[in-house]
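Shared chain: chain A. Partners: chain B in the first complex, chain C in the second.
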Partner chain A sequence: MEFAIETKDLVRVFKPSRKLLKRKKNPNGEGGSGEGPVTALDRVTTQIRQGELFGLLGPNGAGKTTLIKILCTLLLPTSGQAWVAGHDISKDPFPIRERINMVSGGETSGYGLLTTRENVWMFSQFYGVNSKVAKARIDELLHIFGLWDKRDAKVRTLSSGQRQKMNMIRGFVTDPDILFLDEPTLGLDVNASRVIREYVEAWVRKQKGKTVLLTTHYMAEADQMCDRIAIIDRGRILACDTPENLKRTIRHDTTFRLEVDTLRSASAFSGMKGVKNFSSKDDASKNTTSLTFILEDESAVSDILSAVQAQGAKIHYLQKSEPTLEDVFISMVGRGLE
Partner chain B sequence: MSATVRRQWRTFKWAAWLGWEMDSNWTEPALFIVYSVVKPVAGAFILVLMYIVFAAIGNYRDPAMFSYIYVGNSFFIFVGSTLFGTFQVIQADREWYQTLRYTYISPISYYTYIVGRAASKVAVGGLAVLITLIFGVFVLGVQFQMTLGSVPIFFVGLVLGLFCLVSIGICLAGVSFMTAKHTHGLAEGIPGIFYVFCGVLFPLTALPGWAQSFGRGIPLTYWFDLTRRLILPPNTIDSGLGFFSDLEILALLLASSLIFFLLSLGIFKLGEYMARKAGKIDMTTSY
Partner chain C sequence: MSAATVTSRIPHRIRLNLRAVVGRAYPRIVGANREPSWIFFEAILPLLGIAAYVFIYQALANRVLLDPTVSAADKAATVAATNALIGSVVLGGTMIAFWLNVLWSMASQLYWEKEIGNLQLYMMAPMSRMALLGGMAVGGMFMTSVRAITTLVAGVVVFSIVLQVTNPFLLIAVFFATLVALYGMGMTLASLYLLWGREAWHLSALLEEPIFFTSGFYFPAGGLAYVGGWGRVLLTAATAIPATLGLDAMRQLVFPGAWGDKLWIFSPEVELVIILVLGVVFLVLARYALAYLELLARREGRLTSRHQ
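On to the complex of A and B.
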């Protein structure tokens, strides 16, 4: 088998429920605005090799979780095909389930009346992991993820971060061939995130044939960990390559970052000569606007500064920087990942 | 043992373990035992009160009728616990514990998983039935008469009755794949229908003709009637099924149980497919 995961023209459309549509109809019988079908995935075609740590980078609502749900056999596509471990996800889900596992970040799943160890143990037994092997693995993972002291604590007493770590252990305890990690570090503190990143990387690199599909909207995480990254937005894969190659696509461009007093409008930068694309983000707590510009022509900086000053805004800093994955994203879609 | 049988057994065993832990582990063991005894005994007193009200209204006392009501209600404990036990698994795992997506993508039979989760409810229900019957016979004077020869038929009937109940519960579970959490009323409404139409509280003959026909279409009616025939002394109450022999009743129960089993497979598969198609397998209700 060449690819661990392969998708071809995968489409997933979510239709609003009839009840919702009925509720949204106005008295004249016209449909409510913005409540039509949502295309979560739009002809997604990709191939992920065995042994690869593959990242899906995109903002919230880009379609990352939908893709993972389809590949994990939780959701059927509207059209198109997908194969995991060589099996069709629509027709043959069972052999896939024997070889995969999934962990979603930012959730607090688990049976509160069971202990941490019991929760993980039960799932290991669903996968038929040998008792001795499961016990040894659970002990090792509890140590690695810093939950050893909580091994006999009821899950209801764990913090949300500790529950998330427990779920990471649940994902690894079955030693899957293909592991889906959906925003695994979401909401975790810096140390816990680092431990997870390091463990995931080591798990893939030190064992032959293990594949990880990681979704994240943390560009540094994707940059640091992934062999290849697909940039996804509004259900479409916009680019797919190694982090270096992706950044190289904008090497002829220049990235400038500015922080200025809150701007009334950023529309002045649209269509400005030399500006390939830009993103702006207001920070209400600091009364500032952060701007990132991808410039085809560096001389456009003077026009930008003039436009900022024309709004009476003070410039806090201006920095020319190396391109990041977020800059690649901005260059493609004209807004940031957050 | 083949891989499929091993997988089914593994699924059942660990699902039953999980169900038991959740049913029994919410308090100290001693308190759990006290609760397990007190609850059915308290239920028995409610039956006594119901009988007293009926007797007062009808100005009529019949120990055979009290035994009829008492035994029917005792075994009805299985209905409530089993149906609720099977129906609530998907809702609870999806909405409260948020584990459904992980259980669903594991290499188990999800149908068997639900049966396993319901097993502990059946066990707890069985204990409650036993306590209720013992309390009824020794404290409330419920007539009890069972010959040794009736014991095998009684247990075959019990197994078939429970099998049928679990099948009906799985049908409801299949429906619950597509429903939001507030539909737990379904698991309470369906037993309510059975309570009225299956001869639990009063004989089928007390119902109008159409309701009697409806009651005869529900396998539990035969189970309750068979159980009463086997553990109560002969009486003059017309259950509406008197023209069937014990073995004929057993055969009807077997046939209807098989029908409900096949229905449960179909409805469960359909519900699962529709939920996977609609994206509702791991849906949580945000209210």
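On to the complex of A and C.
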């Protein structure tokens, strides 16, 4: 088997639910984004090698979870094909299920009445893991994730960080060949995130043939951990390469970050000479707008500053910085990741 | 795949699915005992229901027993008939524990699993879907059995009921066949409830009382046949609920000859066969209902996902 995961022209369209259709008929109902079918994945073609730590980086609603669900055999594609561990996800789900596991951020699975240990053990039984083997692995993982003190605590008493560590243990306890992690550090504190990232990296690097597909909208996470990254937006993969190569695509450009008084409009910047792309985000609490510019020509800065001042906005902060993966994203779609 | 790998995979699948059943039953068996309120619902409520009927039947009997004009033979017959009636109620109350567990706990199980976020993890696991449902059923059965035995023993002792077991094997066979059929029904309902969502709740609430009545939990259901007009229709409908025939057969087997053998539906042997058929039908239905549900979930992407 060459690839752990392979997809070919995957398309997933969600039809609006009956409830939404009803609302549409109602003249007072909300319109907008809820209407019409949503193309969550648009001809996604990827190949992920065995042993790779592969990242899927994209903003909310990009289609990351949809792709993971299809690969985990929870969802069928509208068209296109995908193979996981060499098996077709539509036709042959059971052999895939034996070899994968999935953990998503903020999940609240399990039973609050069970203890941490019992909960993970229960899930391991659905994969037929020998009970003794499972218990030994659970104890080892509880130590690694710093959850040993909570081994006999009821799940409902765990904090969200502790819960997510337990979920990670649930993912590793079945010793999958391919592990899907859907925003595993979503909403976690720095410490819990670090423990999780370090273990995931070690797990892939120290063993042969283990593959991880990780989705995230934290660019630092993708940059630090992943061998290769696919940048995804509105269901389409825009680029796929190593973090270094992705950043190299904008190496001739300059990144400037600005914080200014809230702007009435950022349209003055689009099409400005020397500006390849930019993102703008208002912060209502601080009454400011944060701007990131990807400049082909550094001299465009003076035009930008005059445009800001023309709106009567004060400049709080201006910085030239190293390109990040987010800048790569901005240069491609003109929006930030968050 | 070669023939050798096929045969070596069969025990592997069986082992996996047995583990899955035990794993899925575990939280019901262990977890439920950590929640003392269950004891109240599962053991005390049926006892209260039983007591109400027992007092009515005893009061009716007393009118005969305290009447000086009634002969000693008639009084003895009344005592026997009342013993069978009260015993029937205790048996009915015992089975109600299972019926409530099926109707409320089993049927809504998958729906709650979806709400919690467990369902998609279950669907993603390699276990067979029947192992998932089976685990739920075994857990529910085990937990409920503890309560049911409490109810039965308390009822028999408190109301000093005389049981006359003539054919223990048939009795045990009927009991387990009834449980399998009942939980098979619960497994089918579980998928249907998930499909229908909250509306199904109202159905449960709506069905609960009428089924208590038509299934004869508190009186021999065969009596319905003597009610003019709709009685027979109700009784026929009630036989689709495995508890009806199961209870009737068990009552026949512990109170032989009660009420001049006029209130039984069929013979226990015939009833056992019907229950077994019902059990198979429900299990097959459950399997296909869940397979259909899974297909729908994978196609439409809304049944297993928590947020949609």
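Operating definition for what follows: the second predicted complex is superposed on the first by the 327 of 338 C-alpha atoms of A that agree within 3 Å, B and C clash if a C-alpha of one lies under 4 Å from a C-alpha of the other, contacts with A are read in each partner's own complex, and residues count from 1 in each chain.
The definition used in the following text is that contacts are C-beta pairs under 8 Å (C-beta built on N, C-alpha and C of every residue); 3 or more make two chains touch, one makes a residue touch a chain.
Source: prediction; values computed, not measured.
Following the overlay on chain A, a clash is recorded for the pair chain B and chain C. Using the contact criterion defined above for the overlaid structures, shared-chain residue A:118 touches chain B and also reaches chain C.
When the shared chain is aligned, chain B and chain C each come close enough to touch A:73. By the touch criterion stated above, A:283 is placed in contact with neither chain B nor chain C. In the superposed model, A:198 makes contact with neither chain B nor chain C.
Of the two partner chains placed around the shared chain by superposition, neither chain B nor chain C is touched by A:297.
Look at A:131: by the touch rule set out above, it reaches chain C but stays clear of chain B. In the superposition on chain A, contact of A:139 is made with neither chain B nor chain C. Note: residues 14, 69, 72-76, 94, 97-98, 100-102, 107-111, 113-114, 118, 122-123, 125-128 of chain A belong to the chain B contact set and to the chain C contact set alike, using the contact criterion stated above.
If you check the complex, the residues on chain A that touch chain C are 12, 14-15, 17, 66, 69, 72-76, 94, 97-98, 100-102, 107-111, 113-114, 118, 121-129, 131. The part of chain A that touches chain B in the complex is made up of residues 14, 69, 72-76, 94, 97-98, 100-102, 104, 107-114, 118, 122-123, 125-128, 167, 170, 174.
Residues 6-7, 10-11, 13-14, 17-18, 21-22, 25-26, 97-99, 101-108, 276-277, 279, 281-282 of chain B are the ones touching chain A in the complex. Contacts from chain C toward chain A in the complex involve residues 12, 15-17, 19-20, 22-24, 26-27, 30-32, 34-35, 116-118, 120-127, 132, 297-302, 304-305, 308.
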